[in-house]
Amino acid sequence: MAEIIPIHDHIVVKIEEEEEKTKTGIVLPDTAKEKPQKGKVVAVGSGRILDNGTKVPLEVKVGDTVIFSKYAGTEIKLDDEKYLILSEKEVLAILK
Amino acid sequence: MAEIIPIHDHIVVKIEEEEEKTKTGIVLPDTAKEKPQKGKVVAVGSGRILDNGTKVPLEVKVGDTVIFSKYAGTEIKLDDEKYLILSEKEVLAILK
Amino acid sequence: MAEIIPIHDHIVVKIEEEEEKTKTGIVLPDTAKEKPQKGKVVAVGSGRILDNGTKVPLEVKVGDTVIFSKYAGTEIKLDDEKYLILSEKEVLAILK
Amino acid sequence: MAEIIPIHDHIVVKIEEEEEKTKTGIVLPDTAKEKPQKGKVVAVGSGRILDNGTKVPLEVKVGDTVIFSKYAGTEIKLDDEKYLILSEKEVLAILK
Amino acid sequence: MAEIIPIHDHIVVKIEEEEEKTKTGIVLPDTAKEKPQKGKVVAVGSGRILDNGTKVPLEVKVGDTVIFSKYAGTEIKLDDEKYLILSEKEVLAILK
Amino acid sequence: MAEIIPIHDHIVVKIEEEEEKTKTGIVLPDTAKEKPQKGKVVAVGSGRILDNGTKVPLEVKVGDTVIFSKYAGTEIKLDDEKYLILSEKEVLAILK
Amino acid sequence: MAEIIPIHDHIVVKIEEEEEKTKTGIVLPDTAKEKPQKGKVVAVGSGRILDNGTKVPLEVKVGDTVIFSKYAGTEIKLDDEKYLILSEKEVLAILK
């Protein structure tokens, strides 16, 4: 099976479709404001290179469930599964 | 119960609906200018990474009541409670 | 009474309504250009964090009367007094 | 008499109205391009704080006559005199 | 045959036309969102120069198959083959 | 005669009107693209202050004939001569 | 003959008109996307000054044939030859 390796501060997320109420009790309300999205991290980039050359590892890890802004990332399909490639800057929080 | 862990300089705030006049005497006037919002901080991110790699802890703490600009953040619902995930840059002040 | 503590480089100003001519002889003309505003500083933030992590204290102090640009800041009411929370970058000068 | 103390890299200039031709031979032509303005510096800020925390004193001094771009600054009146508070970045040159 | 040598953080990619389903199982869905593109890296620049003068080598290598945003790069033809010159910042991920 | 002293990275240029073909063989074509301008440098600022406080002297010198973009600078008249005050960033090249 | 000396990170390129197919096999397709341009470098600036004061020499050299984006640079004519003055940032690749 092909492997998607995100570069720098990109991550790959498997999109979790919205059920009315998720096991975790999280509902991403379809309010007037943009509805955020949720998904599981399946791959993370090598990190962000700062102005002084330091490479900072990403805070999100493979396996985390993350919440991110509505229009974040670029969508691709791999073996009929929907994935999103986005920058860690577009991630808001991790759901435990 | 699920836990929302904000990343980097994000924070999670439980939105406090506006009563006419709050116990603290604070009224967020519905003036022509954007009406600021108020809420209690329930989680804070690990801090902001500067260009030189230093991680600066956030100034707001869990339990603080904060005032922030009208269109700040992204709304999510957790167990029927309304929360907002926003960046600390959008926080104006702490109410004691 | 509640206390408003501005964060980082924010300050809280008590707005001084414009009389025709103030004791100090200052008139903020209603010219075509935006009419600047005037007010007394009642609280200042902890300072501005620079790219290298240094925290620079603010130049304006509590008690200063300051002039700032017309659309600066966010308005809130505390015990029927009008206050403005703005960034020090929006302050133009101090009136002695 | 009140004193206007500009902060950081702001300066206060007393606006000199345009006579057809000034003693110095300078005419600020009303060309299609924005007509620059001229005025005498009456107060200068403490300086500009750089990213590394260094404070750089301003190049213009009190008493200098300066030329600045048309829409620069914010206008205020003090004892019936017109002053402008602007940033040193908006100053183009000094007239000797 | 002419050789295209990208400079700094540019790379040259040979565009792979989209078949319904590629050997690797990757389908770049023609969703409402911009359809990302895929191609093989045939040349990479010398690296990105940071503010402090350090030159950071690129993460993508010649031979990698990469996914990049829809409107990335500038197209040129060399011996009837379509190539794209783009910046590494526009690359999202590498496909293994 | 008055003297115009440009500050920081500004320069003062005496505008050279466009003859059909100049002695130097340079013609600034009135093509669809913006027609660049030409002029002689009569004064240069003290230099550009970088983020780390270093002051970098300007590359153009008094006496140089320079080419600069069409809408660069602010125009002033001194003793019936047309001058332009512009930033060195707007200069493209020096003509020898 | 006059000499054009580009400053800082500018370069001067002699524009090569597009034949159907060039000796090198390069065709810059007139696709919907902006058609890139090609030309020979006749002069290069002294280099790019970084935030920390370091001057970085340019990667392109006199004599290189370069590809650059469609709307790059400013056009001038010298002894009936068309030249373009552009910034090295607008160069995509070198053709060998």
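First chain written, first letter: the chains are A, B, C, D, E, F and G, and each begins at residue 1.
In this section, a residue touches a chain if its C-beta (ideal position, glycine included) is under 8 Å from a C-beta of that chain, and two chains touch if they have at least 3 such contacts.
According to UniProt, the chain labels map to these proteins: A, B, C, D, E, F, G = Co-chaperonin GroES.
Just so you know, these numbers come straight off a predicted model, no measurement behind them.
Asks: Looking at where chain B (Co-chaperonin GroES) touches chain C (Co-chaperonin GroES), is over half of the residue numbers used by both copies, so same, or under half, so different?
Replies: Different: fewer than half of the residue numbers at the chain B (Co-chaperonin GroES)-chain C (Co-chaperonin GroES) interface appear in both copies.
Asks: Could you put a whole-Å number on the gap between the CA centroids of chain E (Co-chaperonin GroES) and chain G (Co-chaperonin GroES)?
Replies: The mean C-alpha positions of chain E (Co-chaperonin GroES) and chain G (Co-chaperonin GroES) differ by 22 Å.
Asks: Chain E (Co-chaperonin GroES) to chain F (Co-chaperonin GroES): how many Å between their CA centres?
Replies: 40
Asks: Please compute the C-alpha centroid of chain A (Co-chaperonin GroES), do the same for chain D (Co-chaperonin GroES), then give the distance between them in whole Å.
Replies: 50
Asks: Residues touching two or more other chains, restricted to chain C (Co-chaperonin GroES): which are they?
Replies: 51-52
Asks: Classify the chain contact graph as line, ring, star, complete or other.
Replies: Here the contact pattern is a ring, one closed loop where every chain has two partners.
Asks: Would you mind giving the ring's chain order, read from chain B (Co-chaperonin GroES) onward, with chain C (Co-chaperonin GroES) coming straight after?
Replies: B, C, D, F, G, E, A
Asks: Over in the complex, which chain F (Co-chaperonin GroES) residues touch chain G (Co-chaperonin GroES)? Could you list them?
Replies: Touch list, chain F (Co-chaperonin GroES) to chain G (Co-chaperonin GroES): 24-29, 31, 33-34, 36, 48, 50-52, 54, 56, 59-60, 67, 69, 88, 91-96.
Asks: Under the definition above, what is the set of chain G (Co-chaperonin GroES) residues touching chain F (Co-chaperonin GroES) in their complex?
Replies: 1-8, 10, 12, 43, 46, 49, 51-53, 74-79, 82, 85
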